[in-house]
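By written order: A, B, C, D, E and F. Residues from 1 in each chain.
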Amino acid sequence: MSEQFQLIPGNSLKTNSPEDGRALAVKIARLTIKITQPDAKTREKLRPVYANDASMLIAIGQTVAMEFATIAKANNYWK
Amino acid sequence: MSEQFQLIPGNSLKTNSPEDGRALAVKIARLTIKITQPDAKTREKLRPVYANDASMLIAIGQTVAMEFATIAKANNYWK
Amino acid sequence: MSEQFQLIPGNSLKTNSPEDGRALAVKIARLTIKITQPDAKTREKLRPVYANDASMLIAIGQTVAMEFATIAKANNYWK
Amino acid sequence: MSEQFQLIPGNSLKTNSPEDGRALAVKIARLTIKITQPDAKTREKLRPVYANDASMLIAIGQTVAMEFATIAKANNYWK
Amino acid sequence: MSEQFQLIPGNSLKTNSPEDGRALAVKIARLTIKITQPDAKTREKLRPVYANDASMLIAIGQTVAMEFATIAKANNYWK
Amino acid sequence: MSEQFQLIPGNSLKTNSPEDGRALAVKIARLTIKITQPDAKTREKLRPVYANDASMLIAIGQTVAMEFATIAKANNYWK
């Protein structure tokens, strides 16, 4: 029941579909934040900061786009 | 009639043309914002912020460029 | 005489030369701005903002570089 | 016992798994900071600055995403 | 004697060496600025702004890195 | 004894190892700054600015990551 991997859930880039691959991209992006700022309270405090800032929401979108590019390639674009 | 996929419309990166691929890039970029800030009212409030800010419009353009790079590759550049 | 495609002019990434490919990259980058801020008057008002700001000019250059990377690849680098 | 390589731990991009590859991406990103700001005290002082700033945490996430793209490719996506 | 191409000097991505390819990357990056801000006087005025700003110098470096990635690939890395 | 190349040391992207490739990435990134701001005194003055700014250190890390992606590919990831 424990989370064994800190950075890549399931320790794999393989997913069944683009939707799942995108969800993985979102998770991986969040886990990088978590390892950089391990304190849950601080992260909780920062969440409304970026969720209400147009500029940061865009930057998060760019991060997810980058992670997804790698995951999509790893899955040969689910062709 | 319901939208079944939250992150990748149609759960596929395959499109018929560059124009459709670009439209998909725009949609995917928006859906990442949506999952990060799920409150529709807040998103509505932020829209005029970025739509009237030259710097944020450019940043959105960069996000779409990144998503499109992945989609174009997934479609072998519609050759 | 009407512009049929909103996002990718000619609905193709194929161009005859690097120069044409670069021009396409510039156009595609502008069309993303246009779809995000559809009001022509607002865009007109924002133009001098970014055209006179060193930092935004650089960011536009990065956007064009990203679009061009995709177009160049789609054309196999015009080899 | 000494650290022989300053920029790429183990002088290799090869890792056993995505999780290890991601950890390497994080380390490489940190080592670039270290070579640019070699003074440990200054780095120590800057740590709380970025760890408590939503915008910088996102930027760090983008850096790790970039490093990971290269490492993932070097490992053929651990297929 | 006239400059015939506005965006890609020589209308080609092919260069004889990495050094020449890098010089081309720098030129292409500048030409994008030129087409976005066609007024020479304004560009002249903006030059000291970015050349004396650490943050903008870094952003220019990122732009050149992006252009170079495309040119290097077009030349098969001069292997 | 003279430095013959201004932008790519040794006029080659080929290196013996990932560590050397990373060092080359750092050098290339610095040489782009040098050509954009050729005055050594100004660069000297800007150094403490970015070396003490968390945000700029991260941006430098992103630049090095981009250059390294190209160099790593040019060396087939030192496989």
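Everything that follows uses one rule, which is that contacts are C-beta pairs under 8 Å (C-beta built on N, C-alpha and C of every residue); 3 or more make two chains touch, one makes a residue touch a chain.
Quantities reported herein were computed from a predicted structural model and do not represent experimental measurements.
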Distance between chain C and chain D based on Cα centroids, please, to the nearest Å. 33
Rounded Å distance, chain A centre to chain F centre (Cα mean): 29
Multi-partner residues of chain E (at least 2 other chains): 50, 55, 59-60, 62, 66, 69, 73
Based on which chains touch which, is the overall arrangement a line, ring, star, complete graph, or other? ring
Which order do the chains take around the ring when read from chain A towards chain B? A, B, C, E, F, D
Within their complex, chain B touches chain A through residues 5-8, 11-13, 28-29, 32-33, 35-37, 42, 46, 49-50, 53, 55-56, 59-60, 62-63, 66-67, 69-70, 73-74
Listed in rising order, the residues of chain F that touch chain D in the complex are 17-19, 21-23, 26, 50-52, 54-55, 57-62, 64-66, 68-69, 72-73, 77-79
